[in-house]
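Take a look at the structure set out below.
Note that the chains take the letters A, B, C and D in the order they are written out, and that residue 1 is the start of every chain.
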Amino acid sequence: MIDKQVPTVAQALADIPDGATVMIGGFGASGSPIELIHGLIDQGATDLTVINNNTGNGEVGLAALIGNGQVSRMICSFPRSSQSRVFPKLYREGRIQLEVVPQGTLAERIRAAGAGIPAFYTPTTVGTILAEGKEQREIDGRTYVMEPWLKADFALVKCESADPLGNLTFNKTARNFSPLMCMAATTTIVQTKRLVARGDIDPEHVVTPGIFVNRVVEVPNPVHEDTLIADGRSYP
Amino acid sequence: MIDKQVPTVAQALADIPDGATVMIGGFGASGSPIELIHGLIDQGATDLTVINNNTGNGEVGLAALIGNGQVSRMICSFPRSSQSRVFPKLYREGRIQLEVVPQGTLAERIRAAGAGIPAFYTPTTVGTILAEGKEQREIDGRTYVMEPWLKADFALVKCESADPLGNLTFNKTARNFSPLMCMAATTTIVQTKRLVARGDIDPEHVVTPGIFVNRVVEVPNPVHEDTLIADGRSYP
Amino acid sequence: MSSGWTREQMAARAARDIPDGAYVNLGIGIPELVARFVPEGREFIYHTENGMLGMGPPPGDDDRDLDLMNAGKKYVTALPGSAYFHHADSFSMIRGGHIDVCVLGTMQVAANGDIANWSTGAPDAIPAVGGAMDLVQGVKNIFVITQHTTRTGDAKLVERCTYPLTGAGVVSRIFTDLAVVNVTPDGFRVAELAPGIAFDEVQEKTGTTIAPPQ
Amino acid sequence: MSSGWTREQMAARAARDIPDGAYVNLGIGIPELVARFVPEGREFIYHTENGMLGMGPPPGDDDRDLDLMNAGKKYVTALPGSAYFHHADSFSMIRGGHIDVCVLGTMQVAANGDIANWSTGAPDAIPAVGGAMDLVQGVKNIFVITQHTTRTGDAKLVERCTYPLTGAGVVSRIFTDLAVVNVTPDGFRVAELAPGIAFDEVQEKTGTTIAPPQ
């Protein structure tokens, strides 16, 4: 019987090499897989390219991973936020690269990678500096830019419930980029609040089918970035 | 309070004009909105372009619409089937046009229309006669063809439950093309087996959000194409 | 110094121009106030680009779900009839033209409908665009709510934006503290003056020619 | 006349080459039989392109759901752990390289891996492609199960396909009644002969040079 469960976070992350491209689910604190990110800090892989909508907050989670010097390049839509201090400092010091991608284009490029679509056209960024250097063409009288797919070696994702086949459900707006990232990564690693039995998730309610998931690790009481920051925590 | 319910099938379909492009949900008999299709026969619009995976079976549903001479052009992936007689006859007589689109490309073109993506690249059809005349380009060492979005004026779709906002759920593989067609049509008309109250569909379980739906008509005991054919029925 | 509309009045005025049943996306800041001024007899459905339709008001401290946020990363609630979806579906709603109205704040808006609200272009600024460029290209009607001038008195309604654009030729209507301004093929035109505001004051505080009410 | 493998034996032989845990799409006809011969200790998960993972065997007459079909429009069942999804997601699984093995029937397959299984190209034929072109481009391993020759004795394994292609250079392995045949950079090579079948017979019934087992 297929069983994608992995007993520990450490085992789930063990083979992420230096130089890997890693998608990390979440929009700000919502859906951020804090235990997997902290596990990646413990694991120590460096020179990572990380794809996430933001760049983390405070000194936990993604911000801590960046602060620990493991990330050489960020691909995101919104690297600033009210409590984002780690990334701006490294960026201004020239110690981390940044590719800014509009949020919808970021989502669509990730989906395209998962769907086998190497490129598509979008009106987003037309007439702006973010379209500079990009191929443009007119279709039906409107100008569009071409955008390529965006793949990753690994995706780290947090979900609400998972079964041993890797079928996933999410909690509210914690869904955000996670189902797309599951599609776009060679190896998708999921932390789930609840590991349920095969058949416990109604097939009509599956959000991410197990075909997009490689490893599932149960983290029954996940910490939340907002709580950690409110408590003044840092990692490691 | 927003309420997209329309009392009758006839009212839901009243403004479909001659020459309209109409997407019809369903894969074969599964998910085919028979009552809406028969309503369109009663309504009488002609010179329609119809987008569906197939061309109908027996002498009911889509086959009956075609047999009634209302369809001048079909866009589909698989116009043949074991019980498809109406379309082949008209096609061989030169009385109906056909555009054959691979099933996955058909689905993606419809989604693209709904997603504001005017064109995308796919490996499907490369090296075949279906790629002839299409723009091709090499990306990362592999050849792809460019495919345009596929829009419609109307979509006719069958679902399992709907609320007054147009949030929809489907039954099993009856889901197929329907959520995509809801996205891609200017006006989406849905027949639902059950009309439920606002809030009765768990927001985690909504398959098609109401933003993609314009009109909902309750058809509590929908007929099924397979049953009609087994009973030797025809329409009108 | 003239009075003009308050922030709340600007939001209420904008809400009056949104039709019943509209799907609406509200930007951060004054635009968020629009949700508090839905005209009697109308219902708007709020979209938040991080993946929800049917967004409700902020929760009480006791009934908040830390996973339920809006695009501004504030805690929100879900109204009956809401739906959750992933980012690709959410931006399909935006890019595909399914959202009726987006109300945005801005740094500058130009007489040709250009908007600049994502970057000052300063050399040391960290570029951060979020969903702004998707919204201005995809949503059917782009409304702007903004003070007519900056705190230092510079015009925000200008002939051409000097900051990097978010989108070109996309804004249709602007709600300021002084006036409602339409973006027409011929440039800015005042549609309505705030109570007690004279047209001359609006012209004076606008960085280019603005036509008087018709 | 030689005996070779039966349809069931061909399917069972193909099943042996599918690894445990594979996501598998089965074409119509002999390929469907593969599901009946899953080797002991392995589990395959079946994908059907109309929108389901975890497809189970046909239902009894009393417990069928008319909405639950496979891509061949036959009634099927859902196993525990299955999932339903729409066509764009289903073909993302295919096109995006997430399906491990697809087993197809064919009219012709060529020494360069080309496959022709959707149209005879006859002038009065109604073209009907379905998902075949998506499958052959997207699935990681394309297996073919076919009789080695047509009913009239014509070769189905040929130097170049004469029927219109479904896909170019996509087939990796062929399971016939006579042999298991690999498609290599140098053309066809027999990987295994059916019991009682001599290599010479396979060569004779193949429309181009085929290399013997190594």
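The rule is simple: contacts are C-beta pairs under 8 Å (C-beta built on N, C-alpha and C of every residue); 3 or more make two chains touch, one makes a residue touch a chain.
These figures come from a predicted structure and were not determined experimentally.
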Labels of chains that are neighbours to subunit C and to subunit D: A, B
Distance in touch steps, counted as few as possible, from subunit A out to subunit B: 1
Pair joined by more contacting C-beta pairs (B-D or B-C): B-D
Inter-centroid spacing, subunit C versus subunit A (mean Cα positions, whole Å): 29
Euclidean distance of C-alpha centroids - subunit A vs subunit D, Å: 36
Of all residues in subunit D, the ones touching two or more other chains: 52, 78, 84-85, 88, 91, 94-95, 138
Residues within subunit A bordering two or more other chains: 108, 111, 115-117, 122-123, 170, 172, 203-204, 207
Arrangement of touching chains [line / ring / star / complete / other]: other
Those chain pairs that satisfy the touch definition: A-B, A-C, A-D, B-C, B-D
Subunit A partner contacts - residues on subunit C that touch it in the complex: 48-52, 65-70, 73, 78, 84-88, 90-91, 94-95, 114, 124, 126-134, 137-138, 164-169
Contact footprint of subunit A on subunit D as seen in their complex: 20-21, 23, 43, 45, 47, 52-54, 78, 80-85, 88-89, 91-99, 138
Contact footprint of subunit C on subunit B as seen in their complex: 1-2, 111, 113-117, 163-165, 167, 183, 198-199, 201, 203-204, 206, 209-212
Subunit A-touching residues of subunit B, taken from the complex the two chains share: 108, 112, 115-123, 139-140, 142, 144, 148, 169-170, 172, 203-205, 207
Contact set on subunit A toward subunit C in their complex: 27-31, 77-81, 87-88, 91-92, 98, 100-108, 110-111, 122-130, 170-180, 207, 224, 226-227
